[in-house]
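Order of writing sets the labels: A, B, C, D and E. Residues in every chain begin at 1.
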Amino acid sequence: MGSETRGPQGFETAIHSGPNTVAEFHQRRSVVSQLRQLLHQTPSIVPLIVLVAATIVFGIILGGRFFSAYAMTLILQQVAITGIVGAAQSLVILTAGIDLSVGAIMVLTSVVMGQFTFRYGLPPFFSVACGIGVGALIGYINGFLVARVKLPPFIVTLGMWQIVLATNFLYSANETIRAQDIETQAPLLQVFGETVRVGGAVLTYGAIMMVVIVCVLAYVLRHTAWGRHVYAVGDDPVAAELAGVQVKRILISVYVLAGIICALAGWALIGRLGSVSPTSGQFENINSITAVVIGGISLFGGRGSIIGMLFGALIVGVFSLGLGMYGTDPQWTYLLIGMLIIAAVAVDQWIRKAAA
Amino acid sequence: AAPAMAQDKTISACLITKTDTNPFFVKMKEGATAEAKKLGVNLKTYAGKIDGDNESQVAAIETCIADGAKGILITASDTKAIVPSVKKARDAGLLVIALDTPLDPIDAADATFATDNMKAGELIGQWAKETLGDKAKDAKIAMLDLAVSQPSVGVLRDQGFLKGFGIDLGDPKKWGDETDPRIVGHEVTAGNEEGGRKAMETLLAKDSGINLVYTINEPAAAGAYQALKAVGMQEGVTITSVDGGCPGVKNVEAGVIGATSQQYPLKMASLGVDAIAQFAKEGTKPKPTEGKSFFDTGVQLVTDHPVEGLPSIDTKEGLKLCWG
Amino acid sequence: MDQKGSCVMEPILKARGLVKRYGKVTALDHCDFDLYPGEVLAVIGDNGAGKSSLIKALSGAVRADEGQIFLDGKEMHFSSPLDAREAGIETVYQNLALSPALSIADNMFLGREIRRSGFMGKYLRTLDRKTMGRLAREKLNDLGLLTIQNIDQPVETLSGGQRQGVAVARAAAFGSRVVIMDEPTAALGVKESRKVLELIQDVRARGLPIVLISHNMPHVFEVADRVHVHRLGKRLCVIDPKLATMSDAVALMTGAKQPEASMEAA
Amino acid sequence: MGSETRGPQGFETAIHSGPNTVAEFHQRRSVVSQLRQLLHQTPSIVPLIVLVAATIVFGIILGGRFFSAYAMTLILQQVAITGIVGAAQSLVILTAGIDLSVGAIMVLTSVVMGQFTFRYGLPPFFSVACGIGVGALIGYINGFLVARVKLPPFIVTLGMWQIVLATNFLYSANETIRAQDIETQAPLLQVFGETVRVGGAVLTYGAIMMVVIVCVLAYVLRHTAWGRHVYAVGDDPVAAELAGVQVKRILISVYVLAGIICALAGWALIGRLGSVSPTSGQFENINSITAVVIGGISLFGGRGSIIGMLFGALIVGVFSLGLGMYGTDPQWTYLLIGMLIIAAVAVDQWIRKAAA
Amino acid sequence: MDQKGSCVMEPILKARGLVKRYGKVTALDHCDFDLYPGEVLAVIGDNGAGKSSLIKALSGAVRADEGQIFLDGKEMHFSSPLDAREAGIETVYQNLALSPALSIADNMFLGREIRRSGFMGKYLRTLDRKTMGRLAREKLNDLGLLTIQNIDQPVETLSGGQRQGVAVARAAAFGSRVVIMDEPTAALGVKESRKVLELIQDVRARGLPIVLISHNMPHVFEVADRVHVHRLGKRLCVIDPKLATMSDAVALMTGAKQPEASMEAA
């Protein structure tokens, strides 16, 4: 057994005399590949470009009516709800999940805020808190089922969507609470409908809240440990777990936070509509997913930025307003938005493929 | 108030419907478009995604304001919730006319050109009661409604029917809380054939003795008829409906539907467009029908089996007046 | 750096000037390759040198950006692993390429299923599970590689070593021209590795040439007839393990030494 | 360099004297674990058990009305459309995809069959062929985008859903073709509405077609190479590709076949409704996904049986009919079905976890 | 089969009677384990013997069904890898546990991020990227393991060997009590493997005990102070590589031989 000496095997001695660099290769540098590289590094640039381009095109077609401060801020108002819900959706999708119940949570919480005030006569402040609590609770149930029982998010939230919506109709008895009543008895509920005017620009607090939520989340996702962990969980949950991320806790916190943001959206919805209407917002799940996808966040999780989602929502807003003003049949608008969705991911895919 | 931007010479107006998939609204849109073309009005149309989609309608109103439209015709999905947005439009100097469905409160709009949906329901309810005669006491009624979210048209027609038939309504603002044993059950249909058939089948399985069917609209009635036909019960059961669309009236003619309450969306739409054109030129607003808080575009019972004391038109007449 | 002329045989599998780029990285940089009939050719090189990329290009798993591949002197254009397989090249990939939920038999016959004879097979395209199961068991037994009880159990229920065995057995059983193995023993224990090496020798004994990628020098020097040294995306040289030592091989692949004529394979 | 001898390293000689078995372990055998094992091996047993249980419970509550041949076959009739569409959905989900456009394809193809006959006066047979062609074409576009452009199926079919639905409304001009007209002029379109009566049992050809499609697909998936490849693709597309499966071709063929099956569903829909109605079936995508999920097919692809989907559809059918006959408020029905969805996957998860 | 009594030191990491079942398979069957301060303990065994399962139980990645784990004599109940890490046990898992889309620095500090000092860090919980970047670079350089240009590049852009390096460096840099490495060299080339072995010796020189799982006998016998032989889910024996030969080790782990007192470690 002559070969059984301890220490490095003989043939390995040569290593130390070799160059100490890792394998390196020539790099090509064409303009296209450099562009792709840039786009890859900052994925929210693509939706930004599309947004600017769409705005310019509609501006040229529709002229001053569209390019006015009023119309521009109107878009912001119109996407406020989708933007806020989209922020919740982005969080969930970054963890490689999906939340089909966001719109339902939003409506139910707005109904809770309204009914607690008017049916039970609770102080509006307290009702709002209860609404947010309900949002957090539903989020917690979603999160619990996803993280602990390990059910696929699609199914959990598909079921929850139906459950919450049915609860909403049963609880509200399909009754709308009128704007006048809210105005006189509980103006706090409408606070996000208040506007700030700067020249022709009309900003609602709701729109401002959307921007604030997105900015805060962008900060949190990028600059805090929790944010990094959200990305890690979406990227590869097993690896994240082994690397010391508390995957279950992160997942649950994400769903709870999404529920809370949806409740804020519900509050903003009251401001936007003036009234509390249990039939609103049933399609917010599709709208928010659309915004997220056009904004370049990967449905497989772990990649994308929440700012992109905001651009995505605005793109849809620009298209709807622009096509509406142009006088297109609404069905054509849906058709174009359908194509936009596919085109957006196709571009995204192209960038990724190139720069991988 | 938002500035009415570019002062185009052409008058522009908006039509906002609940959905653009229900034939009723599609026809309304066609009527409005035709009238607008005649008057040289630039009409743009908007719609919600489903019945009850209030948000899309709010966005549509805002778009119209931004677009500098002179007036808005709207069939509101949520008659209460839309009010603040309508107020915004009126504050911005637009004429807002509610079509088909009155707002709540009704004076939230400048004018209302509407069918009385409660009345429409009452007519078929009364007709059914008279037609069944003595059997009305122990009728078995299937109620085929619109949606679980109980949009107001659905509630008004349903409750109108029951009122006309002489059933205690409970809370007239919602269906499903009646205790009369003659009602076999309420099911929802989404206002289309598929939902109508499934709902009818379910209720038939619950009680195969059903002999009277109320349906929210004629597509649902057609679906219900298919379900009855599948079990060979089409002869003994009376179907009533609301709308008066051409396929519906033809179904009355063919005996599929016993009676339907016909409304006039084309009339509503063209009257609405006229009113906006008038308002833009002269600044005058339309007046409501005498004795009512809205301009009633009328509803008529269409049946080939008229009953005593209940004015109705036959299907020949109905076909002349039908929409689409 | 060319193959020394004096060889009378034509290479069975030959590649010239292969280039493969992944974004910024050039994984294959005008790489040449020659495999002669009946030999075991080992491919060695640093991590990231491009060995797997070379193998993938040869087996149709990726398409090279430039360059040509010849099988028996005929230029081939493989656009999928299936093409290569139909030409007789079987490959064990570094990451196995087994479908976890399918059974062992299904996996072995994936893409080359046997249909029943007669009406059922011809018109209803019914699979002949019995024959496939029997053949799969035979092949596994023949190779003496595994003691698997149930040929119908899903691959995911096997241990890592057993899976590796199925993949190797599949390639060895079906390869008709060339068998390529990319690090077949990386995750294997001492005993399991030994079985794979024995299998390689069995296959060679059947006359099939084999390409073996491995980081394990003793294994390489034990079974290889020639050693292709890969460095920085290209073939640095081909050495003869009987003339060169493991130290030479390591020195060459890490760049500590330049190739010398004395070590090169004929 | 003494250690550099060729041939096996010295220490390896011991191997051959060792036992030649692979590592084996003790096996536990409790009743629960054996049950789990059985359930794991035949995943469609769970939905079957739920189905039988639900039927018995409703039978006890509702008595003879529910346990009648009529009610039983009625359920079959009612789930016929969902079952056919669910078969298409199952195929797609087995490849780890999802098809949100199935319902839209179904409606559009039924409209094409109707309008081609009545608007253009083409022979019904030809119109039906055109409808099936349209279904195949849309399926092909989906498949192309998924397989070749490599876009996520969720996005592709989300966009396609909106595009097809908008096209449907634009093309049909929302016009219904009446049952009477079809009956007199093109009875072929209604053929799947024809019934076969056996005692109290009423079977439509549509229901029969559903059963036939499911059985044929069950055969194809289990006993042909194509079927095995579908599973392999869903299981691990990269592995399948390397193992010699033509992944792209399989994916495209799956989406095309799904489109064709949806077109057949569209044909069956005409039979069921009597008329051609462009507003029907918009939520068939959600219904079919629900059936697939309750039926135990994994949304991650590669696992589950299409028979399970049929049971899943029947479970939903039993619940809706049962609850409807019991006189539950329709809102409660929605709520219960939402819970059913979550419960179904929770049970499934439990089985998998145990037997993995 | 118990540890021979005569050892004066207490094990730093000790396990008794660990049991772990996966469905039908019992991956750990009343397994014992002892790691003494300052030593390199190698764990060897066949494929599927349960080595990774043992390591996962020790590092909190899975929860054992039965049995106890002691760190410095105190019984521990790890319910997640984080718990174990906070107790000072760092692990390199067989499948690395890196997040591909995150940067090298992010990965190194995952779960132990450093916050800024002052208001930003305390109330806004802002991360101190600068410090983390600097420290990450220092650790990588200290270990002389990698020549990585950009500490902020995503891990997915690294080659397999470089990734392995990041994982090993992370464990070595942060382990305060015990470092566990599960086949750290399986996918590595000769040069890269050598660096990892040198690193192991560096870490031992710093006084940290190491658990090394490997199928590579020469490596094991080169660096290990004691060798834990794992067979059929339990510890068969612990041998002293200075007393026993590689042949003995292989014979033991494959079941060709029963443990003898003469080989066992003190």
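Definition applied: contacts are C-beta pairs under 8 Å (C-beta built on N, C-alpha and C of every residue); 3 or more make two chains touch, one makes a residue touch a chain.
Here's who's who by UniProt: A, D = ABC transporter permease; C, E = Sugar ABC transporter ATP-binding protein.
Since we're looking at a predicted model, the values are computed, not measured.
Colleague: Going by the stated contact rule, which chains contact chain C and chain D alike?
Modeller: A, E
Colleague: Could you run down the chains that neighbour chain A and chain D together?
Modeller: B, C, E
Colleague: Tell me, please, which chain's centre (mean of its C-alpha atoms) is farthest from the centre of chain D?
Modeller: E
Colleague: CA centre of chain A versus CA centre of chain B: separation in Å?
Modeller: Inter-chain centre distance comes to 37 Å.
Colleague: Just give me the whole-number Å value for how far the CA centre of chain A lies from that of chain C.
Modeller: 46
Colleague: Taking each chain's centre as the mean position of its Cα atoms, how many Å separate chain B from chain C?
Modeller: The mean C-alpha positions of chain B and chain C differ by 72 Å.
Colleague: In whole angstrom, how far does the Cα centroid of chain C sit from the Cα centroid of chain E?
Modeller: The answer is 32 Å.
Colleague: Could you list which residues of chain C touch at least two other chains?
Modeller: Where chain C meets two or more other chains at a single residue, that happens at 46-49, 159, 161-162, 190-191, 217-218, 245-247, 250, 254.
Colleague: Among the residues of chain A, which are close enough to touch at least two other chains?
Modeller: Residue numbers touching two or more other chains: 1, 4, 9-12, 15, 18, 22-23, 166, 169, 329, 331, 356.
Colleague: At which residue positions does chain B touch at least two other chains?
Modeller: In chain B, residues 20, 148 touch at least two other chains, as defined above.
Colleague: Mind listing each pair of touching chains for me?
Modeller: Pairs of chains that touch one another: A-B, A-C, A-D, A-E, B-D, C-D, C-E, D-E.
Colleague: Using the touch definition from the top, list the residues of chain A that touch chain B in their complex.
Modeller: 63-65, 68, 70-71, 74, 77-78, 81, 166, 169, 173-180, 193, 200, 202, 269, 272-283, 320-321, 324-325, 327, 329-331
Colleague: Quick one: which bits of chain B touch chain D in the complex? Just the residue numbers, please.
Modeller: 20-23, 26, 148, 176, 185-188, 190-195, 197-198, 201-203, 205-206, 219, 222-223, 225-226, 229-231, 247, 250-251, 254, 256, 324
Colleague: How about chain D: which of its residues touch chain C in the complex?
Modeller: It is residues 1, 4, 6-9, 11-12, 15, 18, 20-23, 219, 223-226, 228-229, 231-232, 235-236, 238-246, 302-303, 356 of chain D that touch chain C.
Colleague: Residues of chain E touching chain D in their complex?
Modeller: Residues 21-27, 29, 46-50, 217-218, 231-233, 245-251, 254-257 of chain E touch chain D in their complex.
Colleague: Which residues of chain A touch chain D in the complex?
Modeller: For chain A paired with chain D, touching residues are 1-5, 9-11, 145, 149-152, 154-156, 158-163, 165-167, 169-170, 286, 289-290, 293, 299-300, 329, 331-332, 334-335, 337-342, 345-346, 349, 353.
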